[in-house]
Amino acid sequence: MSLNHGRTILAIPGPSVIPDRVLTAMHRPSASIYDGELVEMTDGLLADLKRVAGTDGFAAIYLANGHGAWEAALRNTLNAGDKIVVLSNGFFSHKWGTVAQSLGLQVEFIEYGMTKSADPQRLEEVLGADKNGEIKAVLAVQSETSSSVRNDVVALRAAIDAAGHSALFMVDCIASLGCDRFEMDAFGVDVMVSAGQKGMMNPIGLAFVFFNDKADGARARANPGQYWDWIDRAKSESFYPRWSGSPPGHLMFALRETLDMMVHEEGMPAVWARHTTIAKAIWAACDVWAQAGSLHLNITDPAKRATGVTTINTLPGVAHKIRTWCQNEAGVTLGNSLGFPQEELEDHFRIGHMGHLNIHMIMGVLGAIETALIAQRIEHGSGALAAAAHMLSTHGNTGKDTK
Amino acid sequence: MSLNHGRTILAIPGPSVIPDRVLTAMHRPSASIYDGELVEMTDGLLADLKRVAGTDGFAAIYLANGHGAWEAALRNTLNAGDKIVVLSNGFFSHKWGTVAQSLGLQVEFIEYGMTKSADPQRLEEVLGADKNGEIKAVLAVQSETSSSVRNDVVALRAAIDAAGHSALFMVDCIASLGCDRFEMDAFGVDVMVSAGQKGMMNPIGLAFVFFNDKADGARARANPGQYWDWIDRAKSESFYPRWSGSPPGHLMFALRETLDMMVHEEGMPAVWARHTTIAKAIWAACDVWAQAGSLHLNITDPAKRATGVTTINTLPGVAHKIRTWCQNEAGVTLGNSLGFPQEELEDHFRIGHMGHLNIHMIMGVLGAIETALIAQRIEHGSGALAAAAHMLSTHGNTGKDTK
Amino acid sequence: MSLNHGRTILAIPGPSVIPDRVLTAMHRPSASIYDGELVEMTDGLLADLKRVAGTDGFAAIYLANGHGAWEAALRNTLNAGDKIVVLSNGFFSHKWGTVAQSLGLQVEFIEYGMTKSADPQRLEEVLGADKNGEIKAVLAVQSETSSSVRNDVVALRAAIDAAGHSALFMVDCIASLGCDRFEMDAFGVDVMVSAGQKGMMNPIGLAFVFFNDKADGARARANPGQYWDWIDRAKSESFYPRWSGSPPGHLMFALRETLDMMVHEEGMPAVWARHTTIAKAIWAACDVWAQAGSLHLNITDPAKRATGVTTINTLPGVAHKIRTWCQNEAGVTLGNSLGFPQEELEDHFRIGHMGHLNIHMIMGVLGAIETALIAQRIEHGSGALAAAAHMLSTHGNTGKDTK
Amino acid sequence: MSLNHGRTILAIPGPSVIPDRVLTAMHRPSASIYDGELVEMTDGLLADLKRVAGTDGFAAIYLANGHGAWEAALRNTLNAGDKIVVLSNGFFSHKWGTVAQSLGLQVEFIEYGMTKSADPQRLEEVLGADKNGEIKAVLAVQSETSSSVRNDVVALRAAIDAAGHSALFMVDCIASLGCDRFEMDAFGVDVMVSAGQKGMMNPIGLAFVFFNDKADGARARANPGQYWDWIDRAKSESFYPRWSGSPPGHLMFALRETLDMMVHEEGMPAVWARHTTIAKAIWAACDVWAQAGSLHLNITDPAKRATGVTTINTLPGVAHKIRTWCQNEAGVTLGNSLGFPQEELEDHFRIGHMGHLNIHMIMGVLGAIETALIAQRIEHGSGALAAAAHMLSTHGNTGKDTK
């Protein structure tokens, strides 16, 4: 007999749960690519994406995943041989640097390991030492999907300014857009990249690049080629160039639906506040479980934790046991270990808590983990679920949490 | 800010959660009503329904809800003026008697209130007193949706036998089929009625009547009229009479899918065992919450509790607060108060736990209630969720629970 | 190699093609049965159904097919032993009489065969001869699905009036509602029955009964029993009685969608006009094909043809060849022979042209038949498709056609 | 009154009609990106794509549209400054050359206008004159979406061979894969690019690049960067590199479904034969209409016509009238004028006839056009639909057509 017969849930840091209405929006015939709804909706998609990103600059949508967005941002602003600095706090921030290398860029990695957010001081020093302005860009993630650390984007911007450096500041919000508060213009970000399948609640398929006038100035000196070129995608008044050929109608319908949900129905401050409360509930449960020593949160300082993903470290093999049991018995898929040493493959797991979530779903995920801990006889502090419930119960007062 | 933005769940005693694959099976054009899949699948639907019901007798499917099934059972076996006995343990068992009265039957209600299962002794006495065999049928529910009491069908059969009475034994399994163990032939039931939207995981629309040869003998003396007549539906070798006209294709596709899941993939013993474990988890949580006196299970004796629905009594107004909060804040719809005195409308609620369920969903529902208790400052024992998790963690050993 | 790999179409007289948006409306979780959308939409469903039917009287919705609606109408107004007259022009009108017999009614059939509409004179004579007013009801179809003849409902009403008879006038619009112009109050109909899966474009599952005060007066002397009783369904101010138990949520969502399309978007006069034009196009094609003698329309007089279904008679075996070829090679399922002598099973076919149709779909069906005629070397007049296209091209002027 | 209320159809050269089962395959939650079905299906997708393409070489799948596939092919094999020859027969073949220019390639266009297929002699001369082997690649479309001309790929290969030239032969099958017979290895093609939304019946989102060892040798000297690099996508034994990051699960499910249909159910020879017959039916109708002089097929020689799209030239303004009427009145969207002089914008239209098609759909499209011709009083030959039907009726004998 198995209990695993109901509705399953992906509690991984992307793809996140797709709302029913988004799947419904995609269950339809293709639309005409000459006129009508696809043509009419493109302006609105770009405008609403910019509202999500907090920018009056430009937005470009690509049929691509996050890796494509990384490349688009780099190809539009840099040329082979250019030097850049990459702040690395885990698998994906490092990987962005690797992609940059594949384009012929000279990459200086500043490594922070798997538990630390980027140190603004260090960045300021590095830039300060670049007397000739050879560094053309600084790349950082807002939240690192693998380690679940969150960088302080505002502080990093301040460090660049303090160094009086002209490098472009490029931020990867793939794991954070729609989860962590982010305001591109206010935060002083020149280029931001993201994708649809995490906080944005879309199926995998669309990637987004936002840029300001300064970054667009760099475009004039770069050679992105046709597909990644952001000029037509962001600025063309014709339909065909905006999508560089055939427009991805079904993914556009999905995006339209989630933008309606986020921008027009819930509102970004409420979206962020919801994610904050949910994250706190998860951390509260983990902290109680941690009392018995079998597991603990990877990021110690709550102020440095990502809002949409939580990485948990365990005694050897425990993470693997929890993940396996939750998937096989409880209908819950948890995130795997990523970016840690290969020999720790079974010692970390991640909870994705981004997007289309509520109390039922979160308590269900935590309840599944609690059940796994009991079933697998893993020592854990008692009262974890009640602690999470307590945090969720107070959300009426949490408006201030997101300030 | 509201946390209520994710996937919601109906935790009411029907309709239950419809599996995605069932909705998918219905998202298709109508099929031909002359030949092909509809014609070919009808035999299999009836055969598999009989496997679910545990009978080698007959099955008829109606486009109707449970009230229709009640009427079909009565019209095929009884005539206006006939006397029957109705064992009433709540709203629906009583209502079946009312429907019988609307057909001109003479109904003797044996009332057990809202907290007691039917007493076999009492039934034996009533039948024993019927020296002339005027009572033509005994009607009972296996599980009463409103009070969540479960009757001991085997014991009731024994009582009828002990009285040496020939009345037909008719059982309503609307809230129990696919939840509580039920074996029509082994249990000595002559007519059983059920519907698709509870343990069977279908959208509302199909009702089922099962009957044995003895009941079919009564049919010969009754006048059900065309629509309810079970002869053609159960026995015809032609397609058109089996559905008394147009066959409900989309609902047939849904039923086919759930029968595949129950009969061919999971197997009825595993279905029952899963429901038993889940029910025990819910009761365990409720018993812990009950320690503070604000609420308690309506049915004291675990052996008399329905497996698919649980009724909970609370201090005045508390149930209403819990239901409202769960629906507005947590994405969980709980069952209302039904069958209790009108002045207690806000003092009872029900949890539906039937059908397409797993650990994630159940812990999510219980977690939502725990959160509501905290948010509404309702006194409750601590450790309820852990108690539920503990029960769910042991399911590997629970094969015997369902014996 | 087969050409049959694209989207198929059911061109049968019900179920008709379900619009995508209707399937989409059904692809969703069940709704709460306590409050919210189901409760709120019920009033609107009944009100809009009455707009479709052209009545200020009452409407009741049943989870049933058309046979159920027949029975509901009879059980609410008549008692076993009552005498009724049934005007029979084919399989279904006769079958309604048979159902009446199953309820114990005394049925006098007036048979018109498979090619004639009901003669008002004859009805007037029969009623005139009923000096004691023993005839309680006159039953007729507006359009007979099997023969595709249409009765003149207004003329039949006039005949009843001319005879000065008080019998209830009950009309079956199962194959005509949403196809043939019908205005219940203006036409003087007392009871009208229909179902969802033909002109109403729903999946099979809902049946409708409309009645006026006179019919409701008859209800007071009848004993319909709980399920069919139209009082609660039509008049209750509570939700539960309106559906006699569990409401069929998914079918309600479907119905809501089609009522929006018919009543609020297209408008009934436009719906009728569209069906009229399409029917004329089909007849035009058939008349051209008929020039070679292999096939001809079953109903000679255009004024007596149903607007939603067309029955075609062929030389022996030809109909079977056409149907088989269209289904196996062209993606088109045509209606079979129904109601004709058993030995003519392969000599008739029907085209359903009801509901969600446009020029592409109709020309596709006719084009498939033309291709079948060529492939099967069946003699046929040339220019049939152009004749249909010509009729369809003129629809801008056809407002008057429906007057 | 409008007749336009049924199911619409896109009869444009991509996106084509998506089969219901493909939409259904996409209506589901996201799958895990760690293990399970996505991981397991990737091998099969690549293998079956190669069966469609007729190659034992390599296949890479990109989240991109056709423009992305163009760029991928070029970036993997060429470097800025390399010289290539582009055979241009219309908008898209020319556009591929423009994209090549955006990557810094030196492009020599050989222009054939809008009505001629590429002349192998001319190609042989150009290559023969390239004594130093400066030309690194020859780019051509198999079928040009705008003009609907088909190039003779085998003859072009022969011309390259005759010139004894080592240039890579790259063919765009975006509008022809799954329509026109194509066998990459047998035809001697080194790189082939295509996309999902035309003959492959997918929603827009996936693009494909196929390459042989010779092309892969060129890859060693090129710098495609991370996203377009075909090495990992085609050859990696790990899952993550195959998709260069997040795998597009929903589009993969769609592709799996269409590959099942094409490769495992229908078979490529049958797919091609079906398209051939359908194309002949469309041409037959057009040739009859053409007798009155208002319109004619753009490509005169049937051997040079694309199998999946047909471009039609009309008297001034007539194409626009036909397109507008079909869209507004008949539910049919036809392709627009593309690649012709701007002043002829209303004088050409295209019929897309690729993918999920059958007799019903094709006769419906042609029937809609015939109706438009009549409604708009456009002179046209009579008997066009019968001519198409005649062609479709003979398909049993057309196996040889595709040899």
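Order as written gives the chain letters A, B, C and D; numbering starts at 1 within each chain.
Criterion: a contact is a pair of C-beta atoms (placed from the backbone, for glycine too) under 8 Å apart; a residue touches a chain by one contact, two chains touch by 3 or more.
None of these values were measured; they are calculated from a predicted model.
**Student:** Return the chain pair with more inter-chain C-beta contacts, choosing between B-D and B-C.
**Tutor:** B-C
**Student:** Where among A-C, C-D or A-D does the A-B interface show up again, with more than half of the contact pairs the same?
**Tutor:** Looking at which residue pairs coincide with A-B, the repeat is C-D.
**Student:** With chain centres taken as the means of their Cα atoms, state the distance from chain B to chain C in Å.
**Tutor:** Spacing between the chain centres: roughly 36 Å.
**Student:** How many angstrom between the C-alpha centroids of chain D and chain C?
**Tutor:** Computed value for the inter-centroid distance: 45 Å.
**Student:** Between chain B and chain D, what's the gap in Å when you average each chain's C-alpha atoms?
**Tutor:** 56
**Student:** Please list all residues of chain A that touch 2 or more other chains.
**Tutor:** Those would be 8, 17, 20, 24, 27-29.
**Student:** Residue numbers of chain B touching chain A in their complex, please.
**Tutor:** Touching chain A from chain B are residues 1-9, 17, 19-20, 27, 261, 266, 269-270, 273-274, 277-278, 329-332, 356-368, 370-372, 374-375, 382-383, 385-386, 388-390, 392-396, 398-399.
**Student:** If we count contacts the way the header does, which residues on chain C are in touch with chain B in the complex?
**Tutor:** Residues 8, 10, 12, 14-18, 23-24, 26-30, 32-34, 63-68, 70-71, 75, 98-99, 102-104, 195, 197, 203-205, 223, 225-227, 229, 243-251, 333, 336.
**Student:** Sort out for me which residues of chain D touch chain B in the complex.
**Tutor:** For this pair, the touching residues of chain D are 20, 24, 27-29.
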